[in-house]
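The two complexes that follow have chain A in common; it is paired with chain B in the first and with chain C in the second.
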Partner chain A sequence: MAKFQRSLSARQRTKARYGVIFVLPAFLLATVFMIYPLFASLYLSLTKYNFAFDTKPQFIGMENYVKAFQDSAFIDSIGVTAVYSVLYFVLVMLGGLILALMLFYAKGKTSVFRTAYFLPIVIPLSLSSFIFNWILQKNYGLLNYFLADILGVGSLTREWLSTNPWAMISIVVVSVWATVGFETILFLNGLQALPEDMLEAGIVDGATGFRTLFSIILPNLRETFAVTGIWAILQALKVYIVPSLVTWGGPGTATTVMYMYVYRQSFTYLEMGYGAALGFIMSILIMALSLLNMRISKKV
Partner chain B sequence: MKKILSVMMILAMLMSMGSVALAEEEPQKITVMGLSWQITKIFIEEAAAQFEKDHPGVEVVIETLPDYASLPTYAVNWMNGETDVDVLLIGDANNAAQFVSRDLLYDFEEDLKFFEEEGFAKEDFLGVGLLDGTINDKQYGMPIICEAYAMNCNNAAMKEAGLWDEDRDAPVMPATWDDVYEYAKKLHKVEDGKVATQGAVIQWGSSTFATLIAAKQGMDGTIYDENGILSFESENFRKMLEVWQKGAKEGIFSKETYADNMAGRNSFKAGITSLLLETGGAFVEADVNLGPGTASLSCFPGGYENGSYGFSTVAIIPRATKSPKLAAQFIKEGLLGKNSQTGTLNVYGKMPALARYFENAELKDWQFLQVVANNSVCTPKYKGATKLSTELHPIIQSYLDEAITLDECMDKLQAVIDSMEKSAY
Partner chain C sequence: MTQISISKVVKRARHIGLYILMAVIAFIMLTPIFLAMFNSVKLESQILSANMTFFPRSIHFDNYQYIFDRFGKFGAYFKNSLIVTISSVLLTIVFCSLGGYAFAKLPFRGRGIMLSIILFMMTFPLAVLLIPIYIMEYNLKLLNTNIGLILPCVATVVPFCLLIMRSVYIEIPDEIEEAATIDGCNVFETWMHIMLPASTGGLSIVTIFTFYNIWGEYMLSKTLVTRESAMTISVGVTLLKGEGGWQFGVLGAVVTLAMLPPIIMFMIFQRSLVSGLLSGAVKG
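After this line comes the complex of A and B, so read on.
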């Protein structure tokens, strides 16, 4: 028995050794491309370093972080991101849920609709942003042409990209269009995972229509809400491509989001230290909101 | 055995002698890199083919630079003495700041004696081009093509509105920004709630700083204050902003460039816009699109006498290159050669850096723009000058949208200027 136990341990030890070897490449990749850059950026955020004019970083402690919260342009960009995020989060969650419910209740031939909802995700966001920039242009854009020349309602034409609030609405709409398909698929998976006998029991008890939806279906999608919520928050807060290419951050700074400001500091002004600090502030903000979302989802 | 060893030693000796001889010569291969539009519009591939034909044994490789955001990676390589490019085209000499501060570039004048060859003296170049490539009083950038801000005009629209100078057979030249507003008002047409013809588009996107510099230079003859520091403060400038705001509010001046620097050129090329106030080469694109004789040039108020804003695409040669002489030779014979310089002018509307090629211009408008360019100024070489292209246009846009007052606008513009170090790199 003791000899058997010893040989079992040896086999397990061999397995463990192989396990380490298999995991090692991924661990090395993570270390080189994630862990090391993370700590290097953290150090950089505590320094003053302009890539063009400074020969090496100069340690200044928390000065960059203090500067960030005194930087009115950065605070404004947080405000713009907050407005965008709230609008985007509500629309993409609602939109995704409604589309998923429609697909769920439709049953049968829904593959065409599922493909149609998911197609925008497949198109590179930068490409679709360029195209929407053209569609929404005031004088030669397709939307104003359609409204004025096809529908004959020229009074509805707008400067969609260069006036407020239409510029903010434009980037929210483009972002929702591009990503609602993914939320729909996540919600649909959650709906399809619901036990059928639970729904049947509800019907037997007299629950129909919206009653079934609000009393049975939605409460049982708690975990799905956690996943979709975190994904939507991440998409909202790390927005960059759409406002950069559709409205170029304008009019004025009305659609200049946090990431655009961080990019500008790091790669346009080459202020690597300050840019790194801004990046960490953003990361902390995103993590905090994600944790909040998870807590709320657990309580509901 | 001894014989074999002797032969081997002789061979080894000969090889080492050969390798020394090769090391003293420059490698006969250079790599030229630029953005894809530069490669097309400067006819670089054609220039490379001709250069290889004229110099058998020489190889010129053309590569595309994806974006100016990748320039810092070249700085890192060049600091280590390595380079995979021998001639690099950059659109704004301020992009060279990161290289100049680390002494990574050849000075065309002192190091390469570029101006000593006949036909390539400083006087042979368009003034604003050399100015744009000068940093710390050294010629680190060699201008290849130049542009200047002017007013592109749709001929038919101008004639119909009675804005044609019959004596010059050219569009009228506005004396003030009130004139520009009145011209645009006459040209602007709205049908069924939709703009049928846009009066004017002024460049109010990320190149707003160029528009401001062009406007100030034209109106006041200088962009500097009495201390030689960049300043927009003047009565003329304030009046101009008020006219801009009025025109924007009425829709006569379009705001489409807010979201796309190219929007004005696109609508001008499509025949939708009658006046386009930005780079003066756009009229050629309209001619190509809508037919010869569609468009002509006029200037910003005061631009003909006082100049405008000029800028260049410049070539830089890194010290890390092993073929600096060959690189300089290619610039002279290829990029500054007749085919590239004339082709870029007549086909794409980019002015040649060498003044003599204006004689080959097919359109008389180029002589007009040459006069404007010769008096023009370029972006001041300040540390942090990139702020001009990132922070001025949001301020102007906010003012045009009445989010801030005129005084607040002028204060914010001044604050951006104050935040830049006025010294060179």
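After this line comes the complex of A and C, so read on.
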């Protein structure tokens, strides 16, 4: 018996040794490219460090953080991000829900439609942004062509990318196009997980169509709403590629979102100390919402 | 009786209406993708002229010819994308199947803390990590190299993929492992011959997720690579518009070629891609 126990613990030790070895490659990589950068960034955020001019970071304490809250351009970019986020959130949630309900109620074959709605999300966002640049062009853009030459309403044509509020609306629409399929799949998943007898009970009670939808289906999708909702919020706060490639942050700074401003400070002006501080402020915002996400997903 | 048949007709009509609506939306969703493809087979004069059309009137492969004639530059973008994506996928598979197995079945001291740290890292946006990574790679002369892009790319997908693999390995019953041990397999052999083949579902999710993420990766590539010869297609394409006026047709062809790999992957692995992304949204 004692011998058996010893051999067991020997095996445990071997397992533990292999465990460490197996984890090592992944953990080393995470250390070098995530954990170390995180701490390095935290330190940099407390320094003045222009990568082009300063030979090394110079410690200045909380000055960058104080500066950030007095930097009206940064505050503006947060405002732009907030406006974008609200528009994006409403459209992507509504769009996803409506598409999912359509797929759910259509009893026949819907896999073609599902694929079509989902496909945009596998297209790299930089390529999609590029294509939308053509679509929204003033002179040769597909949208203006469609409005003027196909529908014959030339008065509706616009300079979509360089006038307010159309530039903002454009980047919201592009982002919704690129991601709504994902929300659709999440909602559809939620709908399909609803117990069948719940839906049937509604029908027997004489609750038809919209009544069933609002009194039975939607209230029971709470969990799905939590997941899709927070996903949409995080997606919105991290927006970068679409505004930087479709509208270049313009006209003026009308679509210069938070992430773009942070990136510009760090890599265009090379103010890496200040950029790091801005990055942390942004991260805290995003993390607070991520944690909220985990809390909510656990609760429901 | 007539009551019923009328309601049936209404139901039928509503059903057809629903399908038409879904088809119209599907068409709108696919329009940008079609536009790139159609433009790639049009002549320049058919794209920029006042009497442009959405559908190509005739099909020309001049734009693809143009790309192959100047393959040096475009070829470099595609070559880099392929090297970075394939290496990243392979590294991620090895790292995460080993690590996921350890996190699931090989208890060691500090395992819980390590896992929590990795989970915690998932919540940070890249923006905050990018500056030190850039400085580090600058000092190590890794900027503008494939390896300098591959390693941080892998690091960004490792946390999620570790979680996926861990959950796959947890599902595998301990008895199978014990049977292998009794047969004289050491831990590595058990992983290699028993665990790896049993986790193909998870591996395919990891493969698709990594492929799709890194083929389309933009932030790291844009920051860490500034020289054209080392650039990937997702960034390279954004530089093309400045040259020789807007060559819409050629751009259409480049964009089409760049879209094809993820679209093909999607068509083949649709099921595991969707389920992988779903679990990512729920966890992350």
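To be clear about the criterion, the second predicted complex is superposed on the first by the 259 of 300 C-alpha atoms of A that agree within 3 Å, B and C clash if a C-alpha of one lies under 4 Å from a C-alpha of the other, contacts with A are read in each partner's own complex, and residues count from 1 in each chain.
In this text, a residue touches a chain if its C-beta (ideal position, glycine included) is under 8 Å from a C-beta of that chain, and two chains touch if they have at least 3 such contacts.
This structure is a prediction, so every number in the text was calculated from the model and none was measured.
> Aligned on chain A, chain B and chain C: do they clash or fit?
Once both complexes are aligned on chain A, chain B and chain C clash.
> Once the shared chain is lined up, is A:Phe51 touching chain B (first), chain C (second), both, or neither of them?
The answer is both, since A:Phe51 touches chain B and chain C.
> Mind working out whether A:Met282 is in touch with chain B, chain C, both or neither, as first, second, both or neither?
Only chain C; A:Met282 stays clear of chain B.
> Pick one for A:Leu161: touches chain B only (first), chain C only (second), both, or neither.
Touch partner of A:Leu161: chain B, not chain C.
> Using the superposition described at the top, determine whether chain B or chain C touches more residues of chain A.
Looking at chain A, the partner in contact with more of its residues is C.
> After lining up the shared chain so the two structures overlap, which partner does A:Ala148 touch, if you call chain B first and chain C second: first, second, both or neither?
In the superposition, A:Ala148 contacts chain B only.
> For A:Lys138 in the superposed arrangement: first (chain B), second (chain C), both or neither?
After superposing on A, A:Lys138 lies in contact with chain B but is clear of chain C.
> Looking at the overlay, does A:Val246 come into contact with chain B only (first), chain C only (second), both, or neither?
In the superposed model, A:Val246 contacts chain B only, not chain C.
> A:Phe267 in the overlay: touching chain B, chain C, both, or neither? Say first, second, both or neither.
both
> Could you tell me if A:Thr14 is touching chain B, chain C, both of them or neither one (first, second, both, neither)?
second
> Applying the document's definition of touch, where does A:Ile185 land relative to chain B and chain C: first, second, both, or neither?
second
> Which chain A residues contact chain B in one complex and chain C in the other?
Residues 51, 133, 140, 267, which sit in both footprints.
> Applying the document's contact rule, which stretches of chain A touch chain C when the two form their complex?
Interface residues on the chain A side: 11-12, 14-20, 22-23, 25-27, 29-30, 32-38, 40-41, 44, 51, 99, 102-103, 105-106, 108, 110, 112-113, 115-135, 140, 142, 145-146, 177, 181-182, 185-186, 189, 227-228, 231, 238, 240-241, 245, 259, 262-263, 266-267, 272, 275-276, 279-280, 282-283, 286-287, 290-291, 297.
> State the interface residues of chain B toward chain A in the complex, per the touch definition above.
It comes out as residues 69, 72, 75, 97-98, 101, 191-195, 198, 205-206, 254-256, 258-260, 263, 266-267, 270, 272-273, 383-384, 386-387, 390, 393-395, 397-398, 401, 403, 425.
> Tell me, which parts of chain C touch chain A in their complex?
Within the complex, chain C contacts chain A at residues 15, 18-19, 21-23, 25-27, 29-33, 35-36, 39, 47-48, 52, 54, 94-96, 98-99, 101-103, 105-109, 111, 114, 117-118, 121, 123-125, 127-136, 151-152, 154-156, 158-159, 162, 181, 186-188, 191, 212, 215-216, 218-219, 223, 234-235, 237-238, 241, 248, 251, 255, 258-259, 262-263, 265-266, 270, 273-274, 277-278, 281-282, 284.
> Quick check: in the complex, which residue numbers of chain A touch chain B?
Residues of chain A touching chain B: 51-53, 133, 136-140, 144, 148-149, 152-157, 159, 161-164, 167, 246-253, 256, 264, 267-270.
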